[in-house]
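Presented below are the structures under discussion, each in the form of structure tokens.
Each of the next two complexes has chain A plus one other chain: chain B in the first, chain C in the second.
So, the complex of A and B:
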């Protein structure tokens, strides 16, 4: 059986109800995902901490309070600090088109407007998870023969990639 | 090869140091059985954590109780790992894992790690998966590992067998004591908690339980406590903490802890051997195709399944 998709559904900030979040959470469960629900009034810190401890693929935030322009970037920053930017952040709520654009530029992978059919969210998450998992994880890559050869070719041609810059450090150990 | 070795050692060190991201990723690996070597690597670093099972019917207040009990234990500078199991939907295979909602006081504590699991884990065999996850937390230096499960059915009873001390949580709502007895919950309890002590009927319920248990004390030598708590207040929590500590020193004092853990190890080996053999049989020894061709005959009662099974089994046990 395939590894289950794990999603954290959270509600940061102060807005009062979590009906929407619960509907989405239940829909994701019915699509076979493991949904970690963290409840109302969560701080960004506790959402990020939970996402890391639960090793989720996706964080879905529901924000209705209008504070999206502060809360989303805060979550993204905290993830970056914990070297966990591979966790995909998406969101839903009432967010003006212009703000959506800005947030997506900052690294929110997808924002769903009110009334989005849950099937659309499910499909999006499934595809995003496949993509995310096919990327090698930080710190767990083993340099295969192919990669080493590639690096050697690049070295000769004088170009430096991010992977290469890290490599000497590895060798010293 | 050396590079890979290096990376593995580094991750193991990070795990033992209690790096939460590494704990989380290791648990995912173990839960999905993607790297069988991981458990072998961490095993030498386990055996130090004390395992406490919290089980009982849904809504009894298990998560709320874990939340307050852990805060009580944390004051001693202990490190705590929590495995919270919620039911998986048998239809979709998905799960809504909501135990964290009740544990928000712990979510940012540096000495606490919480992991939610679906009861029908990725590859079946929840009890075994839970044991594996508990091993990871043990290796990560946790002093206590809490395992919260819903107390219904055989699977949960199996999980209880992972634990050194099992706390069964009941509530005064009618029918609970009978239900619990039916489910075999009371047999696995080392400590019985009546939570929601603020509810009507809790004292009468306590009395009922005490009657039901008068015999048991004499059998085991452990003075089986029945405690009343109000997890939401909280009330009765230091007493619960003390009861767990008392059970622990009882087990340690009479050598039972070591004995019980050895029995668990033995059972584990049996399980592992059986798993290995049965999956080998399914994959290599029993031809699905051969079975399918016989199904029709069995359906028409020309062959019987007992004979067929015996013949195939004999072929495996006594080749040629």
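So, the complex of A and C:
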């Protein structure tokens, strides 16, 4: 049986608004995912550390304090440093649309605004996890030059790339 | 019998396929009649405004004498930015101030603390030292305006700063009027800004109550808040029950600390939410007044009639605002504000339409203020007191909420009281369960939000957004550094040492905190000193 989807729901910074984070955590749990909720007032470092320790597929950050432009990029950078950029980072909160676009450019995969049904978040995570698990772990598996060239040729010829073909593996530890 | 005929007829009527419950899930009957109030006694259950048990209002002639205070919660950026917004609001007819602090301030951290990065001035104004408070209130005479400050773990420090700003303006502390939120119990339950563990927090609170009863007698020392409990997802009944139970817990602590109940209870005030369900909200305020009056008299033996008065501020429900079709929020807020007024509120904040995106723009906050002014000056609802009193439905709903609250009181007592129940996660579990349940009702379309799960539109709204520039943080840190350079370091160290000594012993902390404030000790230094003595709180994680 496939490993359950593992999601870390995190509250970085000083923001104490945890209603949304808890509702989402409960909904993901009821949808059969394994949910790790960090609790409040976490540093970005401790969130990234927990995500790696718990081997999660997705980090969901909830920020309603206005500090999103600082905290999201920080988590992304820390993941990169730890060679864990394969972990999908998503989020929600009080975030103006213009900032959402900027953050999505920086590598946040999806931001859910107020009023999003939890079912939409569940579906998104399920699909994203399938995609993620079908990719080699970035940072740990570096495709050789030869492989890259081969993939490029295949892509041009309209066939599936080596990357896409890789079977889901995701075994760590 | 006319009633039987009507009842027979209803059986032949088709009902719409809908859930007829309040937003909190209380079933609502198709009609209420005198039968629903069979053992109702006007004098005993309602009485007259300004008279026991105060269901119809705390003052004799209510809004005929004086309207509620129009008090918009506001703060962003530096003290200078917020001072400008205050002057704007006052110019447009606001009658009281309400300070929103940024997260570092709410947690007693300085702007240059690593934890503050990205948060300075973002969702409120940044205050590090007395200097910021001087700027915040410059040109605003503190003897002529009342100020509410939403501040909890560092409430003592911010009140101390306010007192010293008053002194500098030539206003003695005994004529200052205003409120500090200072309600730590609901922080552990719902709003989640804490520093110290509950026991130590209660000590600071009783110190404040004792100090103010002598030196700042017109100050509301605690604003016992249901607002955040509701925002965190509770039902109306939970908001009512938990808030009042917290209130009684403060009363018990004050009495245990040796204060006479009538010395501090008249300075306790309340703060409620006004949510979507119109009649449920009105009934909630009315039930709250009756429960408070009765228990203060019967259980806590208060003698001063002012101890029986449940005076409250109301804020419309932020959690009901939608990002979709944001202009609709103006209407939502208007209905919620009307419920607060018909429920007899003493002051009111109306939310702005753009708050699911950012802090409100000047224009949005002006519309919110105008909403209150419209209710006050156009609708006529202020002409008579408690106009919904005597409605079979509203009276029955008031009774039902009251009965429900007493049931919760029993459960909390069985757990060993409020603080024990916090430690066991009781409130936290109750609130998150209700929040989740409400979300599921929305997704099953048993409850509706226009623009979200009914009458949706695809188009993205185009609205103006307030931006807090990043430069605020660097400017604030620069200002803090400058003050640290210019102040007398030795005096600061001595004042902080005195504060620590008082914290280790049992002496009242307030005079020591005022001494620290005077020499420009930072908020972080003062809270940090207490943290070293009192320790830090860590929450049990529940979802």
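For the reader, a short list of remarks on this structure follows.
As a working rule, the second predicted complex is superposed on the first by the 137 of 173 C-alpha atoms of A that agree within 3 Å, B and C clash if a C-alpha of one lies under 4 Å from a C-alpha of the other, contacts with A are read in each partner's own complex, and residues count from 1 in each chain.
In the analysis below, a contact is a pair of C-beta atoms (placed from the backbone, for glycine too) under 8 Å apart; a residue touches a chain by one contact, two chains touch by 3 or more.
These figures come from a predicted structure and were not determined experimentally.
In the three-chain model built by superposing on chain A, chain B and chain C fit together without any clash.
In the superposed model, A:39 makes contact with both chain B and chain C. Of the two partner chains placed by superposition, only chain B is touched by A:3; chain C is not. Legend: residue contacts after superposition of the two complexes on their common chain; A:49 is shown touching chain B, with no touch to chain C. When the two complexes are overlaid on their common chain A, residue A:130 makes contact with neither chain B nor chain C. When the shared chain is aligned, chain B comes close enough to touch A:82, but chain C does not. In the superposed model, A:25 makes contact with both chain B and chain C.
Remark: least CA distance from chain B to chain C after fitting both complexes onto chain A is 5 Å.
Under the contact criterion defined above, the residues of chain A that touch both chain B in one complex and chain C in the other are 25-26, 29, 35, 37-39, 43. Within the complex formed with chain C, the residues of chain A that make contact are 9, 13-19, 21-23, 25-27, 29, 35, 37-40, 43, 64-67, 69-71, 94-98, 113-115, 117-119.
Contact residues on chain C toward chain A in their complex (touch as defined above): 103-104, 106-107, 109, 115-119, 122-123, 191-193, 231-233, 319, 321-324, 355-359, 432, 435-436, 439, 442-443, 449, 451-453, 460, 465, 468, 470, 539, 541, 543.
Residue ranges on chain B touching chain A, taken from their complex, read 3-4, 6-7, 10-11, 20-21, 23-25, 27-28, 32, 34, 88-89, 91-98, 100-101, 104, 107-108, 113-116, 118, 122-123. Contacts from chain A toward chain B in the complex involve residues 1, 3-4, 25-26, 28-39, 42-43, 45-46, 49-50, 52-55, 82-84, 137, 139-140, 142-143, 170, 173.
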